[in-house]
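Each in structure tokens, the structures are laid out below.
Both of the next two complexes hold chain A, though its partner changes from chain B to chain C.
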Partner chain A sequence: MEEKRIGVYVCWCGTNIAAMVDVEKVASGLKELPDIVVSKDYKYMCSDPGQDMIIQDIKNHNLNRIVVAACSPRMHEITFRKALENAGLNPYMFEMANIREHDSWVHTNRAEATRKARDLIAGAVSKVKWHESLEKRSVPVNPATLIIGGGIAGISAALELANAGKQVYLIERKALLGGTVSALDLTSPFLNSARQMIDHKIKEVMDHRLIKVYLNSEVEQIFGYVGNFETTIRYNKRETRLNFGNVIVATGLKPFDASRVTNYGYGRLPNVITALEFEQVLKDGVILTRDGREPKNVAIIHCVGSRNEDYNPYCSRTCCMVALKFVNQLKSALPKATIIDIYSDMRSFGKGCEELYSDTSKKNVMFLTFDHKADLPQIRQASYDDPCNLIIEFKEKFSGEPIEVPADMVILMVGMEAHENAKQVAHGVGISMCGNRFFIERHPKLDPVATTTDGVYVVGTCQSPKDIPDSVSQARAAAARILATILAGSVSIEVTTAEVNEKICCGCQTCIKVCPYSAISYSQEKKVSAVNEIICKGCGTCGSTCPTGAIKSKHFTDIQILSQIEGLMSLQEVY
Partner chain B sequence: MSQRVNLDLKKELFLYGAKEWNQCFQCGNCTATCHTTENGFFFPRKTVRQVLMGLKKSLQTNIDPWLCTYCGDCSRTCPRDANPAEMMMSIRRYLISVYDWTGISKLFYKSKTLEVTSIIVLSIIVMVLYLIYTTFPSGDSSQWIGPDGGALINKMAPWQTIHLGDWLMAGALVFLVITNIFYMWYKIIYDDKSLKVGFIDYLKPFSKLVKLINPDVKYAKCDEKKLTTYWVLHAFLALSYGTLFAIIVFFLDWFQTDTVYPFLHPQRILGYIATIGLTVGIIYFYTNRTLKNMENSKYSHFTDWTFLILLFFTTLTGILLHVFRIYGLPQLTYVTYMLHLMVLVPMLVIEVPFSKWSHMIYRPFALYFAHLKKMVIEKSKTIPHQPQYN
Partner chain C sequence: MNENPKIIAFLCNWCSYTGADLAGTSRMKYASYVRVIRVMCSGRVDPTFVIKSFQEGADGVLICGCHPGDCHYHEGNYKCLRRFHLLQKYIKQMGIQPERLRLEWISASEGREFSELVNEFSESIKALEPSQIKESIETFS
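And then the complex of A and B:
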């Protein structure tokens, strides 16, 4: 075994550490411990002179292990590893003792804090003796991308990637591309035609030589890891194998089933229709009730299935503006009709939306409010002598008056829900869902399109209810992220992974059950577990579960941890 | 009992001078700024809501528009420029037509032509009656001039004749006004089944007589400081008007004399002060409505102008009549008196029961009913935290 030559560096961190820990005493006292060649203290170890000092010492004293006692490793571990690399030493021959967050910042007794610093460093010294050289690895990235879902988000991402010259596989469950947008007449708030917008994009996708579109097809399980995924898709009763480096999940939404709200009588009363059905009416060009008459009173009810604990607690974000769009379209199609908009709160955030609300409110439209939590309107068939087809009864929220609203047609602004097969998709691509069955992004603010699985991105309404611009932005952001990965050519992967000693492994498969990343598989041939080191994140769960000790977590081996504990306790008697 | 919403009610209110209030998003700013607001009494927000929703029954039994002093604070600070104050005025006009059981008021409010035609027809009738029942001062003018140099007005148009006409007209007006007020009571108090008003309750509001007589003290709390002038001149005008009205109906023999009294005689002094009140008031309100420099004069319905113009001509002919009489010009006196009556009679007949003038009667009664309602509700304590007026 090679000779251990350890250098210990104690940082002052200005006064952050030095005020509570006698750093000079700690540094000089450690010199007496075996294997320590150099022990120094310095004002700021992380500064350039501090790092230079370590590099010079490594060269001059031929050090092969380094311990820095300073802040949290989360702060500067990478800094010092780089310094080691610069000095020609393997970066994993390094250990950090946290004497700031774990010591000086949390203690008030200087003598005790000094003793604790010494113990922490002694632990680190004991551990670093057992460190081994680990080699960084990277895998090449397959430049193709699989996009699941051919709605506006999937299409936008596909075009972005394909126009950059990268292969795209676009999978659509239905027979046509376009998703929900292709079911719309006009878009809000600027009342542009949705069809013109989406048809153009669909054509572009279908004609693109780098986009391979699979209609009527579905994906089940995706195998592999970032840069190198593979899957089998079922398509026209055939199966095709695809290899790709990244995945974009853009499975879109499912409209809320309005018949669940029994108050509204959807499905029972023929003139109560959903927003999407009304879009179709608008596309057909003639607004007629089911019995073929022109409606004199049209009512729109907001928040159907949204913002109510019995259905969905969240706001679907788009319905208010769609309702205002309907109001405007109805106003121009049926100038004599009475339009009644029954809402709970008008949410008109975003570019052009408040303007649309403001303009609409000046038109002769009756805006009524209801309590979306307690008091949903009740729709009933009008009696024979009423001049209308339906009667909506509820307690108007602002006036507190119980009222009746006559209507010939009622449009229910149904909210967005996650797809019924969201769970299958999540399982298939290895991502997670929130309580409302929408896919979870890696960070809600700072990383809104990536997921905790590297190489898998979520865009559009499968992530949360959103409008077209938000879906498109997300899709293009994901495409940019993927292009950056492709451009780098390779992705570096974790080296501090788990490793199975096949000689000891008994094949109990306990590790497979506990692995949160599905990185472990069982080899039927050898009757042992095997870790896929590319998927493994080195969390150590399997290592601590393994009953035979066959699994070794690199950089956190049993001997390293036990030595650290031994080191921590070793100095008790000295002081 | 649910009421059915009705978008057409709003369209009907446009005829009464209403503007579009759909901008209103019920923020409640108007209620917060209003100095007439009391706890649990959503003024004027509640009324705006009733209009927007077209709750006809609630609106017809609503007393709030009569309590509004039109200081304009709500309109000035409305974040959506929905103009709640002018709405209150438009609803007053609407309510005048609701209380008028004959339905004539509604016709006048809706049609400018009809109102003007009625005024002209009435003028002609008055002229014809005047020419039949009076004598033109023909021949030697000295026969028509009294010993003190004044024209002998009672020789041409005896006060007894005019007085008879006055009484006939006043009788008709009183009948209309009383029946309308009865209808108002029916709508506001009687029809409200939640109220249990005993006979003794009707006397109770009189314990707050000062508040009843002088409701406009609330002006003092408003932000608009010009309102003090407004209120003083409005009161002066109303007093002058009322005084002259009382004189011609009850004391015409004392007022219409052939004798020219000295300048400081009570008859002349009273006449002059009232005339000043009318003139100053007319000029002030005319200027306000033209310059639109205050919230309450920004919007003028044509009935506002009709009333002002008729009042102006009545005052003008009245002044001329007085001048011609004391300077002994019998022919001019005769003609001016005719013109005076030709303006005065239509003004009273059209405006008192059917139009703007009626607010002089309805407003005090509305305040009385409001206090009555409040006291009854407080007594019953059925809804302790939310006393509601309607």
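And then the complex of A and C:
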């Protein structure tokens, strides 16, 4: 057996780890363990000097296994694997011990956290001894892309790809493209016409020879893997099979159902309407109350269903600016009316937004505040002798005084939610949802449009509430990512797959029954099973089910995990 | 009572490990007895991993996977669940209290649930005597 020469690197992560874990003691203590040639601590292992240190040590000390104890492998495993590669070592000769997310950040006793770090590293060291070189495999990429959702995000991605000469299949469940933007009149913050913007984009899509649009269609289940997916959709009552290399999910938003906030009487009080309904009023061109009169007082209420533990805890990010858009449109359509904007905080980040706020506040508009954490405003029908149709009662935030505001029309700034069917979509394409039911990106900062499923991207408001510019940026970013893989011609796929040892396999075919991807088949001729490593996604279920131990789950083999357990439990209690 | 229990937790990469990471990024504090082993899916947790953990002296073993229906590989957690019931019976026969082995579902967004689970499981393991399995195996062999 080859000699194991292990290098261990314990990261301080500034003070993130070092404040709770005695990194120097851990690193020096490890020198006692067998096979450890180098053991060091360093301020920031992921920095260039940190990585260079590993590369130099690999070369100078002939290291053949590396352990880094630092943040979560979900954060930097790839970074360090690349460093190994740069040093000429197989990237899989690496293991990470998570002493930040799972240790220094969650514990309060330095001695205990230090002991835990030491144990986690000992586990990683025992495991890495059994690591084997794995060769990257790549498969050709089908240059077509499937886009689910034909709102502004889906449309933007489709055009970006098709204009680069690549085939796009655009699936829209409604009868028309355009999504929410088609329902808008003007757009904040620059008050441009939504229709001018979206209509010609829709036309461009419909006319594009490389974009095949499937209206009134939905996708159920996608099969395959990055570069080579397939699905069957129902279109015009016929089953159509599509093959594509990448997927963009752009299923968009659902406006919050205002009737859930009973205080506002939506559904009961006819002159209380939602922002989306008011967009239609604006598109129709005449602003009238339900009984056909011109309103003298129009009130707007922010944060409907947003920033509230009873509904959605998050901010919907666009409604403050949409409210200001409405204020401006109301001011020009009804110059004599009183406009009352009732908000909790005015969120006007983004290009042109603070400017819109400051311009609007010069326009003789009544801005009032309520406390979104206290009781929400209450809307009631005014009585006959009141000079208005509705009365809004609430406690003014700064004075703390209860006030009553007259209104003939109230516009509720409903927030954004994920669609009810987000879960089915997530399942169909194999991605996850966060607690608020938006799809999760691979990394919130460094990889905001990819997902943990290679080849599947999430863009627009299905990923989180956002405005049109942000939705379009994400869409085009995802398209660019896909174009890059198409250009490369091939993508590397999972190498940590399963493998059957034909000498041990008894042909019982238990593994075939448990594989969720039908990646295993039985050879009548050889009387043993075999894994198709292109289809296998490396879940490891067959490995833990095979009664003879014939299956090796690469990189998570039995011996690797059993050794990790031994390592974790190997060190003395006191330290 | 066991003041210093040793607990091994097998977390699936996609939901539970990410949930535990979230507990970290949200700086939720919890008991420090748990040592995590990452597997791609709870379906990978081979019975021998659990037995080995007890043999090496673990006082408790926790397995966490995605909620039913949410497994990244569709159904690995169902396979795990089925195996879990058999395993509990099996460890009982070995003389290990079945409550030393727990299976729970933790999603990627459930950092709080993860930290609460660790605290609660740690308390329940602390309430038991230290596991004698390692010693009894050593005397046998």
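Quick note on the criterion: the second predicted complex is superposed on the first by the 366 of 575 C-alpha atoms of A that agree within 3 Å, B and C clash if a C-alpha of one lies under 4 Å from a C-alpha of the other, contacts with A are read in each partner's own complex, and residues count from 1 in each chain.
The working rule: a residue touches a chain if its C-beta (ideal position, glycine included) is under 8 Å from a C-beta of that chain, and two chains touch if they have at least 3 such contacts.
Please read these numbers as outputs of a predicted model, since none were measured by experiment.
Trainee: Once the structures are superposed on A, label A:540 by its partner contacts, choosing first (chain B), second (chain C), both or neither.
Mentor: second
Trainee: For the three-chain arrangement built by superposition, which of chain B and chain C touches the greater number of chain A residues?
Mentor: If we count touched residues of chain A for both partners, the winner is C.
Trainee: Which partner chains sit in contact with A:558 here, chain B, chain C, both or neither? Use first/second/both/neither.
Mentor: second
Trainee: Who does A:509 touch here: chain B (first), chain C (second), both, or neither?
Mentor: neither
Trainee: When the two structures are overlaid on chain A, which partner does A:365 contact: first (chain B), second (chain C), both, or neither?
Mentor: Only chain B; A:365 stays clear of chain C.
Trainee: Determine, under the contact definition given at the top, whether A:228 touches first (chain B), second (chain C), both, or neither.
Mentor: neither
Trainee: Check whether A:399 is in contact with chain B, with chain C, with both or with neither, and answer first, second, both or neither.
Mentor: first
Trainee: Based on the superposed arrangement, let me know which partner A:308 touches: chain B (first), chain C (second), both, or neither?
Mentor: Neither chain B nor chain C is touched by A:308.
Trainee: Contact-wise, after the overlay, does A:338 reach chain B, chain C, both or neither (first, second, both, neither)?
Mentor: Only chain B is touched by A:338; chain C is not.
Trainee: Determine where on chain A the residues touched by chain B overlap those touched by chain C, and list them.
Mentor: none
Trainee: Help me check something: in the complex, which residues belonging to chain C touch chain A?
Mentor: 4, 6, 8, 13-15, 17-18, 20-21, 23-25, 27-30, 32, 35-41, 43-49, 52-53, 56-58, 69-70, 72-76, 79, 83, 107-110, 115
Trainee: Chain C touches which residues of chain A in the complex?
Mentor: 72-74, 98, 100-103, 105-109, 112-113, 115-116, 119-120, 123, 427, 430, 432-435, 440, 452-453, 496, 514, 516-517, 537-541, 543-545, 553, 556, 558, 561-562, 564-566, 568-569, 573
Trainee: Within their complex, state which residues of chain A touch chain B.
Mentor: Chain A residues touching chain B: 338, 340, 346, 358, 361-369, 393, 396, 398-399, 401-406.
Trainee: Touching residues of chain B toward chain A in the complex: what are they?
Mentor: Per the stated touch rule, the residues are 1-5, 7, 10-11, 20, 22-23, 25-26, 46, 49-50, 52-55, 58, 80.
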